[in-house]
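Next up: the structures, one after another.
What follows is a pair of complexes built around subunit A, which joins subunit B in one and subunit C in the other.
Take a look at the complex of A and B:
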């Protein structure tokens, strides 16, 4: 497991969104969350929609700053930093989004989609050569480079999105529900591809999901979020064997009955 | 920047089995263009108007200003295809020369409106805070200031001419482009591909250039075409009111204006410029519609 150094250190992070609506003044997306991700780890962040998973991914990417608390990457605080100071971080941490339809610019050919991160990060490489390599590593034909993303199916698009994330040779891959927008029939293919790539490129994986079956297959440890609160964390096997929290048990059941969960647990997100 | 549609080849059906909805029945970009009636008719009319303006620069059947009192108000004939006006000037030649004015005013006023409106709209989309609000409020103020009023003020200050018309129409269309640009840019800026670009270190300006502008370009061009036709309409209205092109020079608006005195004797004199105006406006609107329809094909998937 995580014998290596700490990659991400999330310390007492809260994120509050202020809305302009007159009814709800502020939404607490994350509330005092603390955990860390070790090198070579594969960590799942699970929870139902609205639990703060995606907010957490944006904080880990330093695309947003936490309201309080700090997010560190290899001992360096990354939140609220100037983009110039983040250049190296941007190269090392990449993301695959949920919906490859909206995460790939419809106006760019696959070649440009894959070359853009290299150009933006000023990575010295033969662009065409690198694009071919990337397409091959996600098992797409090299000829795909001349097409547009909308000419591919959902699964193929997600392969392109994964290839884009691999472009800068990152050490961390954040996957934000990478298969939940896909056809059930192609999910397994994409998950297998992810597993292989994580192994081949020695990636640290942060896998955001609500699907416990997938998580069990892919991840060593799990963080459970419920309404912005970290309610349980642990190694995958232990957590599956003896979940402490009711909510975790509910998640482990194939189809969590969210209404029943609410009735028994009240609204923990508002307590603090 | 390529505004053409990407080639939509035969759909790929390798690997994952997800159906292709749109690409199947459609050919390459230009073929879809030909199969789209409004785009086709629109572009034919646009080509006609542009051609007649260009040809009139070097050749018209008669000089549009040549007076021939002995043949005044003669109806259509072989010598004068569409007849002559009250001074015996050839109507066909004057119609051709007028298309110069229409294009000049249309193109320049739309250029002014875009040159100011698009950057302002992008700024308002990027800076959603105070700066964006200031830009939007300024656009609102401009929006409440009608082109006609601007034209009257400018004509009073600098004298009525083509340039004051261009300026008046151009300024009054700025807010339209601010809004269209801003709302479309916001959609792009909120997209996941921009989030992805930020995650690999693209800065705001580069995101504008590489993602926002290419993705809103078709909408902007459609809007330009539409506003162009409205500008032609506004120009004829201002000319009709005597706030634009000065009388001896030909323009559809002035022709219409002078023809109303002879409505009883020679009603055709009113018909010709009207037909020209309607055709031109219709042509450019259809052209704009065609562009946005083609864009929709790819917008949905």
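Take a look at the complex of A and C:
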């Protein structure tokens, strides 16, 4: 969908989870999914809980291997590889999770949270200097380095999680519902920050969400998942203008809208 | 007289004042939305109304249900009211439901306690309640445990439990925040229908003005533990007077699916909500406000005109309304 080269190529990917219970059937989390993400794209993966979007993110991160099909990164198949072969991949592809309270270790100071990926990936840098840079790029005071994650608000914690992801200078950022747990006003701040960072660092963005408004704001193209199947994909504005599938239409219609007059009964605000 | 009348309600924790002189009223059949960011005091206000404040928190002021003050009442009396006349729906159904007890048992519990139903008839009632909240196969679901349900189903179970004694007031604290958009739509429509059918009053707490504008008749904005503005949905959406309400509205609008577009900068409120006890003196919003004036170091009085209230020294006004000080 973009002019640049292909970053992710997902070809006929299925993922089946087998359960230990004798009664339960195997769960097909993804079923024959094919799409690609080009360099510089901002691609949304949308769907509700159970649609397979988080499974897909784990496959893109090579944290799990598909049951069938392949996931390639810049032409190389990444699933089932030895971790040593993936070291460069691990540096280049980073993730921000939904809940920064559970994704940030409460025992670690912010400095260590930001330095840990650099140490793990053996990235040579002046640690203190890099941590200050990262905090500045997410608009946090450098003094935050000496504090713990729990001392910050939800929005600030998500900034720290983003700074941590940016540490290894990735080219791809995978964001799994990064603003769903945030208030509307904080959500706007984090989205503005993400927009700037994607631009400033030339990031390719894979954005996982169920919120069509957020997706419309941040992403050029959209993949719609429904119960493990890719049911629709396309450029964002085209998909908003003429969604083909009923489920996509439902997603668009479900989002609440600001109304001066209550919609359901059409009664104007009462004057007591 | 309004069904639920909150007068000068404050919640304190030691020397910290977390909710400060809140006034609000909800009439029978009315839906009132309480909005504000996390840390504005919305949830504490609801918990204080329900008499569910945790240890170390103290409520003062008046919470009257049909003329009876619940703050002054004994805990025993509050227990009689809570669950039967005032019901609450929480944000996190997974932590509000008991993971070790069956759904039917939990939905029927309120009826056993308040109406003395036997275990058997409570379970029968639970089946009917689950049907009312749109479970297709309620006989099967009463036997299940919370972990076997999806987030949306759990929230519907919470609602079934809340409506079991036909309460006069439902307090719903961010009931759809943790849910997917399509599930949120269903839960909101369900709440809307149930309130319509029963004619009860609804106090809906949300940070998203879009949700409130779809469901409610009136809006109350809180910040720093205080009510800063209130009015009808039409008044607040068309013509917000408080800079905080205006900023929340601008953000909610920009983030609503019909208005947003790729890459534009979203309006947001600068800074963050301070921790309790760290709000500035005077108007709690003044540090983040782009309309602050010298007077803002003093707490603004709450002005009342018709159905609107406002506490701001330098309000956003288009039509220069004459506001008068509250009696």
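Throughout what follows, the second predicted complex is superposed on the first by the 251 of 272 C-alpha atoms of A that agree within 3 Å, B and C clash if a C-alpha of one lies under 4 Å from a C-alpha of the other, contacts with A are read in each partner's own complex, and residues count from 1 in each chain.
As a working rule, a residue touches a chain if its C-beta (ideal position, glycine included) is under 8 Å from a C-beta of that chain, and two chains touch if they have at least 3 such contacts.
Because the structure is a prediction, the values reported are computed rather than measured.
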Partner chain(s) touched by A:195 [first = subunit B, second = subunit C, both, neither]: second
Partner chain(s) touched by A:156 [first = subunit B, second = subunit C, both, neither]: both
First (subunit B), second (subunit C), both or neither touched by A:185: both
Subunit B versus subunit C as contact partner of A:83, first or second or both or neither: first
Subunit B versus subunit C as contact partner of A:168, first or second or both or neither: first
Contacts of A:48 with subunit B and subunit C, given as first, second, both or neither: second
Partner chain in contact with A:74 - subunit B first, subunit C second, else both or neither: neither
Touching partner for A:103 - first (subunit B), second (subunit C), both, neither: first
Touching partner for A:111 - first (subunit B), second (subunit C), both, neither: neither
On subunit A, positions contacted by subunit B and by subunit C: 153-156, 183, 185-186, 189
Touch list for subunit A against partner subunit C, complex: 48-50, 153-156, 183-189, 191-192, 195, 210-214, 216-220, 236-237, 250-265, 267-272
For the subunit A and subunit B complex, residues of the former touching the latter: 58, 61, 63, 83, 86-87, 90-91, 93-95, 97-99, 101-109, 116-117, 120-121, 141, 147-148, 150-156, 161, 164, 167-168, 183, 185-186, 189
Residues of subunit B defined as touching subunit A within the complex: 6, 8-9, 11-12, 14-18, 20, 23, 191-193, 195-203, 206, 210-211, 214-215, 298, 301
Partner subunit A, residues of subunit C touching it in the complex: 27, 30, 37-39, 150-151, 180-185, 188-189, 192, 196, 207-211, 213-218, 231-235, 237-238, 247-249, 251-258, 260-269, 272-273, 306-307
